[in-house]
Amino acid sequence: MSHPLRVTIWNEYIHELQNAAVGAIYPEGMHSVWSKAITEHLGGGVQIRVATLEQPQHGLTHETLAETDVLTWWGHAAHDRVDDEIVERVRSRVLNGMGLVVLHSAHNSKIFKRLMGTTCLLRWREAAEKERVWIVDPGHPIVDGTADEFFEIEHSEMYGEHFDIPQPDELFAISWFEGGEVFRSGCTWRRGKGKVVYFSPGHETFPIYHNPNVQRIIANAVRWTAPSGGLYLGKGRNIKQPLSPIAAEHVVDESLHRKK
Amino acid sequence: MSHPLRVTIWNEYIHELQNAAVGAIYPEGMHSVWSKAITEHLGGGVQIRVATLEQPQHGLTHETLAETDVLTWWGHAAHDRVDDEIVERVRSRVLNGMGLVVLHSAHNSKIFKRLMGTTCLLRWREAAEKERVWIVDPGHPIVDGTADEFFEIEHSEMYGEHFDIPQPDELFAISWFEGGEVFRSGCTWRRGKGKVVYFSPGHETFPIYHNPNVQRIIANAVRWTAPSGGLYLGKGRNIKQPLSPIAAEHVVDESLHRKK
Amino acid sequence: MSHPLRVTIWNEYIHELQNAAVGAIYPEGMHSVWSKAITEHLGGGVQIRVATLEQPQHGLTHETLAETDVLTWWGHAAHDRVDDEIVERVRSRVLNGMGLVVLHSAHNSKIFKRLMGTTCLLRWREAAEKERVWIVDPGHPIVDGTADEFFEIEHSEMYGEHFDIPQPDELFAISWFEGGEVFRSGCTWRRGKGKVVYFSPGHETFPIYHNPNVQRIIANAVRWTAPSGGLYLGKGRNIKQPLSPIAAEHVVDESLHRKK
Amino acid sequence: MSHPLRVTIWNEYIHELQNAAVGAIYPEGMHSVWSKAITEHLGGGVQIRVATLEQPQHGLTHETLAETDVLTWWGHAAHDRVDDEIVERVRSRVLNGMGLVVLHSAHNSKIFKRLMGTTCLLRWREAAEKERVWIVDPGHPIVDGTADEFFEIEHSEMYGEHFDIPQPDELFAISWFEGGEVFRSGCTWRRGKGKVVYFSPGHETFPIYHNPNVQRIIANAVRWTAPSGGLYLGKGRNIKQPLSPIAAEHVVDESLHRKK
């Protein structure tokens, strides 16, 4: 790309405003922490916008999406309030190459479920127990710069299997929980021309997004999902002429066919 | 399974009734050809129903789906007339283990697109040119009993790349077309507990569904997508108690959390 | 297949003979436990042989392998004593369709490493801690009939990540260990026409192979890896004649080419 | 990486010297064409070495490999003359993160077969027929900058299915051949920390490596397989201490165990 990497951070932005405990952990909103982490790791060539639920069109106008290379998504309390038309707009943009980084409770967002085709449901428990994030694909660019073999989050919400997702194209992290569960916590998929990452560590009532390893992975995921350019090809076209000549008698009566 | 394999064949069933040329090739409907092929290859233990677009609820009531192990799907002219509620009902049943075999122009059906998350668009050309179906996964149960390395369809509609699907979990066939295209014509995916197969050879105005290799693959696909049993686990549960004891001081104030 | 499923159980068979504690747990050898479990679950149509390291050709003659549909493999103390020629013989048979079920410490066997291409190394700890095996692909035939969401092994050897394997084609189980690790404990791959399963729970000094869930999964894995028939196609052939006619002037001077 | 991308181009380098027709097409060796293409597309930050079969240790000393980020490999006439020890050295380096780009007839090289675990055999025909390379993963970084939907090679050697490889992690190109075959011509796999690409278009007696699209893909593949850094984790370790405390009574008698 000849332009800077253009990142739009989407934050539901409800908990921080309505819940004093969350506000104390993320006084400027979680988006501000992600924004700083991405800028710190990816450098000055990154341009970041923030969009939130309450903005018109949730801040995701056609213009904004057209100028977005990677979108990060966090939602929890109000998935249902995201307009279906905007979901389809985001989906179309992903299929045309925009990266999408889905964080924590956004496993249950409309856009993630729409791209996956499954329920994306999981087990969970709101107990501040220890989570140990094991790196299971140590050569993946998304885990570059993280701790050796695992890193820990002292107080985490438990997300556990079975997680109803299509098998990831790449699985880069599996989490261990003190309470006895495991979770595929770092996953990638390709959809159309776009790359999708799901990364579960993070929660609004714990300071997980201040964890350096978590920040590093989110920044790496933004870089990794950035589009590589080129036109989208999946247009569905009626190709009248064969690429190689074929004999005239092969051409059938088109009146037999209805349009597709 | 202790019961017979219960297969529901879904056919849009428009072309055969409205188009004399199609009716001449499939006088009892394409469903009748599929039904015979499945019965012939899978034997007497198979129970087959047929459901069509014009039936109430498109023939796919809750009761019918609850008693269906594998659903085959063919549509072309009227994808949009399939009710969204029925599509969701079928999708839910697939995620809970029902097999789904998607045929030819049903690449553009609501149910297939909903499970894939992508547009599922492709290139096509209505010319009766030669298609050569290459087996690229010779050990896959779905190609058991087919010709050695490839088989041919003399007069086929061209379906070509780029085909906008998530990369298949397994790719068992790639088609070559006389006119110069290639196509991933035999693909499998897992969604939830269900198995999904897409197989492209077949068309209403050509007698492709009379081809023995095509029939064999459809029958194999039905057998392969049959569920293996067991309860569906992807329910999304709030697990109050950890599986291993954790210290009481770890339990956070639940009032901080909204419901998910 | 028109013949019974022919299973060859390969057991290194050293620990049971040399170590009294192991002998007490498996007085007739571990192979006897696997044999009973497979017969019990798959029924009378299964024919089982046992082969061991000390037999001539390790019991894996050309004749035996030619008559084997599925081979199960357990080794631990003497991987290096398996003859390279036999390893290649087994590999060739897998590529031609024989199923291979690799158990526990056989992650480090020559045959598994040869088929994977990686080191297949892992972390381990010989402490009798609790292992909880989570089912992460509840619709997979290999987990049919097992406990709901997970099952437990009270005293297990720890096998942990990072496990240096190619990403599995299918991942059906992830284990949680009391000591803080996770492990991809149930994996499948396809190699040539053959199916390969790795399943880690099991150990010579713990009675893990008496666990009903472990037995069920091993039996299921045998059934799932059984070949579906057909000739092997990956022969590498110089095809002199194109399948479609091409113009004579396209034929180059073959003297330019060396043989491949 | 803080250093330039260090690429080692390995060329068997026999045909160019012994065959006048090949020498006329590639007067400075095929390595010189690849080198220019990689430098042109990836810019001044790339350092390129060339290594050939006839050099001591085939030019692949421990020092050279330690300083190589990506290795490209072309061989045809003398696969068997590559020393097994060097093959293992290269394999170990790939597993530790070095990228490997395998070109055309190197599908049959020892290093590729060793990493894949399969025979890697294919069909072929030495006829200068048309090859059309279809891009089937238009968002993949490796196809960035190539022609829209396909590009053509007027006179190509035919490589066709069945190609006996493990299913690629990603399939970015499928070739159509005038003579009636298809081929998975652009594939990626991960092995250990390393990325492996196979790209088939290219031949010593045709000027295919002068094709701009082929050059672009090779350069992109070099960039894409470059390691992302970090230590290799797949070391296989006996971890004496659990990460979480476990009760003392769980510790078994270690004398029961042999070393692994």
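By letter and in written order, the chains are A, B, C and D; residue numbering begins at 1 in each of them.
The working rule: a contact is a pair of C-beta atoms (placed from the backbone, for glycine too) under 8 Å apart; a residue touches a chain by one contact, two chains touch by 3 or more.
Since we're looking at a predicted model, the values are computed, not measured.
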Query = Among the other chains, which touch subunit C and subunit D together?
reply = A, B
Ask   = By mean C-alpha coordinates, which chain is most distant from subunit C?
value = A
Key: Computed distance of Cα centres, subunit D from subunit B, in Å   = 36
Distance from subunit D to subunit A - Cα centre to Cα centre, in angstrom = 30
Ask   = Of all residues in subunit A, which are in touch with two or more distinct other chains?
value = 132, 135, 137-138, 149, 160, 162-163, 167, 169-170, 177-178, 180-181, 190, 192, 233-234, 243-244
In the complex, subunit C residues that touch subunit B = 97, 132, 135, 137-141, 143-146, 148-149, 169-170, 178, 190, 192-195, 227-234, 243-244
Key: Sites on subunit C touched by subunit D in the complex   = 15, 19, 21-22, 76-77, 91, 95, 105, 108, 114-119, 121-129, 155, 158, 160, 162-164, 166-167, 169, 177-181, 189-192, 205, 233-244, 246, 250-254, 256-258, 260
Ask   = In the complex formed with subunit D, which residues of subunit B make contact?
value = 132, 134-138, 149, 160-163, 167, 170-171, 174-177, 180-182, 184
